[in-house]
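Okay, so chain A shows up in both of these, paired with chain B first and chain C after.
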Partner chain A sequence: MNSEYDILLVEDSEEDRELATHVLRKEKLANQIFTARDGEEALDFVFCTGPFSERRCDQLPKLILLDLKLPKVDGIEVLRKIKSDPRTKVIPVVIMTSSREERDLVNGYHLGANSYIQKPVDFQQFREVVKQVGLYWLVTNQAPVSEEHAAASGA
Partner chain B sequence: MKILMVDDNPADIDLVNEGLRRCGAKVELCAIHDGIEAVELLRGLETASLVRLILLDVNLPKVNGQAVLRQIKNDPILRRVPVVMFSTSRAARDIRGSYESGANSYVVKPGGLKDFLSAVRSLSSYWLECAILPAGSEHG
Partner chain C sequence: MNAQMGEHSHRLGGRGSCANARPSAAWGAVGSGLPAIPCFGFPQLVPHGYCYLWNPWIVWLHVVSDSLIALSYFCIPIALVYFVRRRKDLPFDWIFLMFGLFILGGGTTHLMEVWTIWRPVYVLSGVIKALTAAISVVTALVLIPLVPKALALPSQAQISELNQRLQGQIAEREHAKEALQQTLRQAERAMSDAAGQRILVAESRYVEEVLQESQDRLQGIIDAAMDAIITIDEKHTIVMFNRAAEEMFRCSAKEALGTQVHRFLPVRFRAAHSSHIRNFADTGTTNRAMGALEPLCALRADGQEFPIEASISQVESAGRRLFTVIIRDISERRMIEEQLRDQAQILDMSQVMLREKDGRILLWTAGAKKMYGFAREEALGAISHELLKTKFPKTLTEIERHLETSGTWEGELTHQKKDGTEVFVAVLMVVEQPVPGRAPRILEVMTDTTARKRAEQSLRDSQARFTGIIESAMDAIVAIDNDQRIVLLNPAAEKMFCVTAGEALGQRLDRFLPERYREAHHGHVKQFARTGVTTRAMATLGSVRGLRSTGEEFPLEASISQLEVGGTKLFTVILRDISERKRAEDEIRELNEDLERRVEERTAQLQLVNRELEAFTYSVSHDLRAPIRHIDGFTKLLVEESAESLTPEAQRYLHRIQEGSHRMGVLVDELLDLTRVGRHGLRMEATDLNVLVRQVVTMLQPEYENRKVEWKLGELPQVMCDSTLVRQVFQNLLSNALKYSRPRPQAVIEVGKTSDQEQTVFVRDNGVGFSMKYADKLFGVFQRLHRVEEFEGTGIGLATVQRIIQKHGGRVWAEAELDHGATFYFTLGRAGGTQTSAPAAAKGAMA
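Up next, the complex of A and B:
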């Protein structure tokens, strides 16, 4: 299984998943995008458990785009688990949600979310936001390299 | 809106100011040259409540950037302020170490003038226009 993913997209809306994936591919920002439909699938993917036990766990995605309102395990809990595990806390996690609640925003940053984006309802604006997020996190930002890669490069 | 830049290189501070001016960002850049001063300023609640984003260099005099970062991210109030590491270092150790200490983002300072200004534009359009930043800490 090829596990060198650029992005893990965690989103329960099929429409948003398809649109975000389309924009990121069209703008040539990311090729390998894994989409998870709920919090449980996202955690299984990240921690290589359940259906993903065969995945190579040392290959971290460069970015996780995380919705908050998710079935099974909610986004805040997914964030908490990723950010409290030394193996995964270095992965940039961007919350992308329709929530306008101040509590989600403060709580998200407090728990270590790398950034917080409000999903626009408008289709064109949503496209533009996904493009901006992809440009910043995959072009401008420097993602951490895995421990093994760092060791191999003598750093 | 206030951005705090912690950097010991005055030329880089000037360039960030110039970059922000060119993209019309309505922000005040507050510059500090060493790590101790940065931590002292951030501990003053009144000022901290106004800082919305921090640009932090890795190699700083007195207290290095990662130590400043850890102080920010271990503080229950300050930790919510996004910290973007902005440094010339491309060392995997610096990059990974920054994320481990809770950096929100790591941007390598480009060497050339044009690329430097375009990095500032990218930082500004993402953090000031696209991302939602927490309000000043007095709301928390």
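Up next, the complex of A and C:
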């Protein structure tokens, strides 16, 4: 079970990926972070398709940090797919984006996003936000043991 | 009597012949002894006395007899003459005079008899006899034819007999009355005296007979009377009721007799009537007219009341007082009087005057007074055409001549009322039927025709107006009759169809239609006539076409109306040549289409621009922020994790990099705020500005934590606005106020509203202020009035404020003085921004 990922980070910016990973590691919030660089990769990972068809699909990430502006398949589409599939809709999805567009915010919540965070420009603030999100969803919050998940593990 | 006279004369003559033969010896013995004298040459003749032998007894017998006869005869003519002169009415008066002469002659012969006893004047005596004979013969001859005529006259005897009979009747009546009274008295006595009964019956039978006869006669007179005659006794019981009364009161005498006369009086008169009769009885007057005090009324048996005229008389007989009332029914007379009065009133109400031929007014009715205003006393005696200032249609003489020949004249003329206004009058003059001894008068009946004249005038005026309108109308107007033949064509129609009215009148309307439309058109007009709708537009725009006489077709617009004039149907068609309009419309349509196309293009362009702008802001917010964050992030990591290996100089540089990236972040955020104001619509809601201000003051607390700030928060209004945006306004303004008052040991920041109607809100500080000469740059994007070293800032805050305020339809402005603080004012449009939402939203959508 070593291959179990705590967090799926969907982020096209390498800098952002590095900064976020740095913060999460530093705070010891995640053992395994899988980073997807675009929407397609994220979906393939979650649904064990494409390059990830060999992956065990009962291993769902505990948290998905999702950027919206992504190459190939954008974040909103990724969110829709994840939240419309019974197997994956229980996964907490936190939108972390630079966008301050209200449209994105509204869309995100409508599609079932669990949280919406605007990435602060100031790194100090960024660090605080990432830390709080990680702590909350991975430590504070009690995740449900979903039936699908249980059924999937049984299978 | 005449016969006696003739006989006498004859005897006289016979005696004369005897006288000639007899001596007159006795004469001397009897007479005065006068000597015998010869007469007329017959000396041998002896006086007549000789014939009597002068026997004195015979002589004197003759002398006395003859003298008496002569005397009598002489008296008779005198009486006759007196009689004839006194009785002018006497028929045949001349015969009486002849009798007079004849008797006079007779008298004279007797006188001569006396004379001839003593003197033998036989010649004279004979002559006189001859004269008397002549007169006698003439009288006799004249008298014979008169006898039948004279016989026709009632004789004295007859007259006196009549008189006697009348006297007899009166006496009889008196007697009967007396007898009646007596009988009555006897009857009274008989009641107690049965012994005298037999006599009484006999007597009363006789009396009854007499009485009956008299009463019958009286009854005849009474029954024949036209008036009702009723006799009542003292107790007002009816004792006599004649036939006229029966008719008048519709009650038979049988029924009326013995009843109270009151039954024939209306109840209201009864009491008064009794006392009147009593009073009348007291006066003792025998006869008097009744009803001096008030009009009298009587009551028929059937209850109908009617007016009467009555007189009453009283007779006292045998101690009993009887009242006889003679009554005349005057209902009819009343009715006629009333009719006459009504007629007089009607006449008085009508506008009539009666005048002499010369115009002098004799009768002036109330109607005339009402019409002209002249009172009766003003009009009477005045000359009518002078009083009324008559304007005649022809000369007065002509009218008078017409009146004389035909008896009437009828015409219209103008009169002037008393108040000076003129009236048109239709007058009928009628000459009165001639009455002897009076010049015929003229009756004038006047009718005020002013209103009619005015109506006629206004009708003429309105006709003229309509004609004017039709003539000057811009549209063609064509009227057609039921056969669709043109009866009217105005100048505009002449121009439109290139014809003259003269050519077109009487022609069919369809000559102005292209042939292909004609049949349909006929049908339409007929159909329209059947509907009874008065006006209707013909066909739809553009589908009707006209035909000019030049052969040119053109589009027209038409409406049709129908009306009945004098029983015939008239259609009026109003036509407008719309070639020009069609052209203009086509042009407009083309222009519109072009415009629409261009608007579409422009809209597309704008939409593109909008999309680009959106994409730009999106990328600004998303893509520009990321690098800044990265710069900041990695710089921080470098400072934190490798600080000991960096020189202080390198650390300072890294600090500068961090500052720059921070400023860049603020700039991007503020720019996004600014563009967001434009890109979103307003969400208007009732907002308490006081709450907003307190929220902002709390939010800004980190900025003034270590400073002395005095907040003066006045009462602000409740307004309709987008609270998020207005919060932004307060945030920017208060943030500025804090920033620019930083050099002051104690900042004083005041928020309030002015007392004007626009609910102007202001934010005032005691900061460094600014020079008003740069006031126009204050709200420009990236415009700053201070250097960054003095006061940090991007120059976007006030631009955002202005954008938000303008979006609400309000105004923002500032007043300041360098070093003496600044005041920013803003309004949110009228009525707190409620009315500004629509245009502001539209503007927002465009941006």
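In this text, the second predicted complex is superposed on the first by the 141 of 155 C-alpha atoms of A that agree within 3 Å, B and C clash if a C-alpha of one lies under 4 Å from a C-alpha of the other, contacts with A are read in each partner's own complex, and residues count from 1 in each chain.
Quick note on the criterion: a contact is a pair of C-beta atoms (placed from the backbone, for glycine too) under 8 Å apart; a residue touches a chain by one contact, two chains touch by 3 or more.
Here the structure is a predicted model, which means the values were calculated and not measured.
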First, second, both or neither for A:109, with chain B first and chain C second: first
Partner chain in contact with A:69 - chain B first, chain C second, else both or neither: second
Broader residue contact with chain A after superposition on the shared chain, chain B or chain C: B
Contacts of A:122 with chain B and chain C, given as first, second, both or neither: second
Touched partner set for A:89, first chain B, second chain C, both or neither: first
Common interface residues of chain A - those touching chain B in one complex and chain C in the other: 102
Interfacial residue positions of chain B with respect to chain A in the complex: 79-82, 90-93, 95-96, 99-100, 102, 104-108, 119, 122-123, 125-127, 129-135, 139-140
Complex contacts: residues of chain A adjacent to chain C: 13, 15-16, 19, 22, 68-69, 97-102, 119-124, 126
Parts of chain A lying in touch with chain B, wherever the complex brings them together: 86, 89-90, 92, 102, 105-106, 109-110, 112, 114-118, 129, 132-133, 135-137, 139-142, 144-145, 147, 149-150, 153, 155
Sites on chain C touched by chain A in the complex: 618, 621-623, 625-626, 628-630, 632-637, 661-662, 664-665, 668-669, 672, 680
